[in-house]
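What follows is a pair of complexes built around subunit A, which joins subunit B in one and subunit C in the other.
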Partner chain A sequence: MNDFAIIWSHRDSVWVGLLNTLVLIVLSGAISIAVGLLLTPVLVGSHKMLAKMVQFYVDAMRCVPFLLFVYLIYFGLPSAGLRLSNWAAGALALVLYNSAYMAELLRGAWLELPASILDSGRSFGFTGWGLLRHIMVTPMLIRALPMIGNQLIQILKDSAFLTVIAVKELTHELNGIQSTYFIPFASFITALILYWIVCMVMEAMMGSFEQFAASRRP
Partner chain B sequence: MNANDYFSILQGALLTVSLSIVSLIIGIPLGLGLALIRWAKLPLLKDLAHVYVNLIRSCPTVTLVLLIYYALPEFGVSLNPLPAAVLALTLSTTAFNCEVWRSALVEFPKDQLDAAYALGLNQINRMRLIVFPQIWRASLPGLFNEITLQIKSTPAVAVIGIVEITRAALRVGSNTYEPLPPFIFALLIYSAIVFVFLKLQKYFELQMKEKGYL
Partner chain C sequence: MQEKTLTPELVLQINGVSKNFSGKNVLSDVSLQVKKGETVCLLGPSGCGKSTLLRCINWLEVPDAGSIHVAGVRMGVKDNGVVKMSDHDLSEMRSRIGMVFQSFALWPHLNVLDNVMLSPIHVQKRDKKTVREEALNVLQRVGLEEHCQQFPAKLSGGQKQRVGIARALAMKPQVLLLDEPTSALDPMLVGEVLSVIQSLALEQVTMVIVTHEMQFAKQVSNRVVFMDQGQVVESADPERFFNHPQTEKAQKFLSRFHGLGHPIH
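Right, the complex of A and B next:
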């Protein structure tokens, strides 16, 4: 129990780690949903060339393990003349990686939508961007909600990989405490339980979103 | 990068994939065991299995690998990196496989069990002849999905110093002072491996559909 007291005395750095993890999840989750929403109409769209290119990006991301991708971004950006902090490089990797997954699962939701929604939207004179924004987005998001929840949990788990490029997220901070005081069990169990709590909160939030969506469903 | 460097990265890739395959070979049957425990509603055991699955499913692989490798010596069990990695990967994949099997079991029609019971099949034969052949087919897509996910998350074991694909690429990068080429090469090989598994998954699903199992 003494070990946990040491961790408690370092609660500020645990808090920094937790906060960083949470910010990374919310930020990259929100951006990748937005990018996914932009890519989806291209994926199902009539412009074959563009659709092929986006599909290639999506497939490539789905074949790549996240850890290798993090290193690629981290080492690759300076070669491309971009100097980002470790945190920004990590966040960028999360966004680029998960946008592809979001686009793919939103595409699935789009294809499952009844054609009547699209048709009635068109017959009311909505086209292009307006059709997308006013008619398609809401039912698509509602349909994809459970899968988006799963993907957000995946982002949480991916964010732990960022410890390899020294992003101060939860695993990194607790690994730091662990190696200073040699209390691996207490440190990593703390990390595990904190991740668990975050996951449960996320699931509860997704659950209430889904209930809200179900109550609004016509 | 010379031929030797390429070769070492290739070796790393092989090690990574073998690690995931070993963990899957152990983890898929273990997951079935856990799922059966939860399905049969064995007292206490089912709750333990439930907590285990929930905890592990929300835990990042990196964190789990670090926990197993660094914390077990505190309890007098000192593992080398390789067994520690296999243990951590198995623990993780077992939890996910349990959920795949369990969702197939939950959806298994009760009347078939009753019918088997009425025909006088005993417990073992009921499972062997009636339940298992069907949940196996229902679980296959989910299991394949988990296999590719597992292969993608295995590089996490690099954090405890196993020279798998990531470490191998890092090492080459620090020898040649050019970190980027080895990573591009590593990514290409690894994507090719995952790609093969994704294609296999598609192929199997198509086969199952043709046979009318799905």
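Right, the complex of A and C next:
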């Protein structure tokens, strides 16, 4: 148990790691849902060219392993003229990757909306963005809630990959400790427990959203 | 069919409207006029086009031919771009037409009060405070003011439909369209909705009602329009239509309903 004592003595870096992970998931989670909501109308819209382009992007993200995508962003961006910090590059990778997934699952929710709600929305004068904002978005999000929850947990796990571009998230910090002191078991168990706790908190939050959703289900 | 001159008290003027769905003629040269304060019931067998006609009035379906005027203003016609409506114009026109749906079509993520207030605030851009007051009034009128904070999922079918009616009335529409308002209801709940509609008829709210409730149509309408296979076959006051149908199709249709229909409580 000496190993855990070492980890405890480095709790500052573990804390930094945990904090970074949390910020990364909250930020990229929120942004990818928002971007997904903007992309979904294009995916189902009548502008065929744009819809095809967005569909291509969605398919591309779903076919690329996230680790590979992280490398692509990190090494590819500078040649496109963009110099980002490791953290920013990592966040960008998470957002770009998961927006595609969010767009796709929100598209599913969109298509499942009862036609009668759209009919009444239109009959009462809602059109275009107004229809989306007042009539469609909330029922879509409610419908997609379980899938969004799953995707957020996926983001949590994907964030661990960012260690390869030296982002100081949880995996990176504990990997640093284990390699310095040769205490792999204790380090990775600690990481596991912390990821697990974050996951439980996320599930609890999704649970409370579920309460909100239950009486408002389409 | 002669073009009738547009007079102010004509709330609805439908002239020669036709509609095809993948080659099938759902509506053929339908003409209909509704005066302010009138209650017109559209009757006919399933598939005769009555719901489609209603949906054409507020442009949920676009007619292939003919014209529709609501309070003297023409709805756009999809005919090589002649008078095509912008989203803004469509929105404005639709806010003058109240619609009540067979499946209620309430917005599930909003409570009863918000359902009633949503469009007056965001489409008609009326003052929030006034809208709220009026919404509570209209909910009281349909007997649901105590349920204003509830969500549609918790309401019975009859309650949902009454909210639907309140929601349409809150728009202060020039005409109320009701598409089989009681067809999806449990027979026990039909009466409560029919009484609300009857009270509206007594107050001279202009209405076009598609219904299968023959007894109700007889009691509440000023005029009955009978349709079959996309055409208007007969149009008469209820007394004459129900007791002395002129056409064979109408007679055949009515023979099926002899003695049926729900009484009004």
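Observations on the model:
One rule holds in what follows: the second predicted complex is superposed on the first by the 215 of 218 C-alpha atoms of A that agree within 3 Å, B and C clash if a C-alpha of one lies under 4 Å from a C-alpha of the other, contacts with A are read in each partner's own complex, and residues count from 1 in each chain.
Operating definition for what follows: a contact is a pair of C-beta atoms (placed from the backbone, for glycine too) under 8 Å apart; a residue touches a chain by one contact, two chains touch by 3 or more.
Everything quoted here is computed from the prediction, not taken from an experiment.
On the superposed subunit A, the two partners subunit B and subunit C both fit, without a clash.
Counting the residues of subunit A that each partner touches, subunit B and subunit C differ, and the larger count belongs to B. Looking at the shared chain after the overlay, A:171 reaches subunit B, while subunit C stays out of its contact range.
Of the two partner chains placed around the shared chain by superposition, subunit C is the only one that A:116 touches, whereas subunit B remains out of contact.
In the superposition on chain A, A:142 contacts subunit C only, with no contact to subunit B. Applying the stated contact rule after C-alpha superposition, one finds that A:215 touches subunit C and leaves subunit B untouched. The superposition places the C-alpha centres of subunit B and subunit C at an angle of 110 degrees about the C-alpha centre of subunit A, rounded in steps of 10. Look at A:127: by the touch rule set out above, it reaches subunit C but stays clear of subunit B. Of the two partner chains placed around the shared chain by superposition, subunit B is the only one that A:68 touches, whereas subunit C remains out of contact.
After overlaying the two complexes on the shared chain, residue contacts for A:185 are found with subunit B alone; subunit C is out of touch. Think of it this way: put the two complexes on top of each other by chain A, and the tightest Cα contact between subunit B and subunit C is 27 Å. Residue overlap on subunit A between its contacts with subunit B in one complex and with subunit C in the other: absent.
Per the touch definition, subunit C reaches subunit A in the complex via residues 58, 60, 87-88, 90-92, 94-95, 97, 99, 101, 103-110, 118-119, 122-124, 151, 153-154, 167, 171.
Contact residues of subunit A toward subunit B in the complex are 60, 62-69, 71-72, 75-76, 79, 153, 156-161, 163-164, 170-171, 175, 178, 184-185, 188-189, 191-192, 195-196, 198-200. Of all residues in subunit A, those touching subunit C in their complex are 114, 116-117, 119-128, 130, 134-135, 138-139, 142, 215-218. Across the complex, subunit A is touched by residues 54-55, 57-64, 66-67, 70-71, 73-75, 151-156, 158-159, 165-166, 169-170, 173, 179-180, 183-184, 186-187, 190-192, 194-195, 198 of subunit B.
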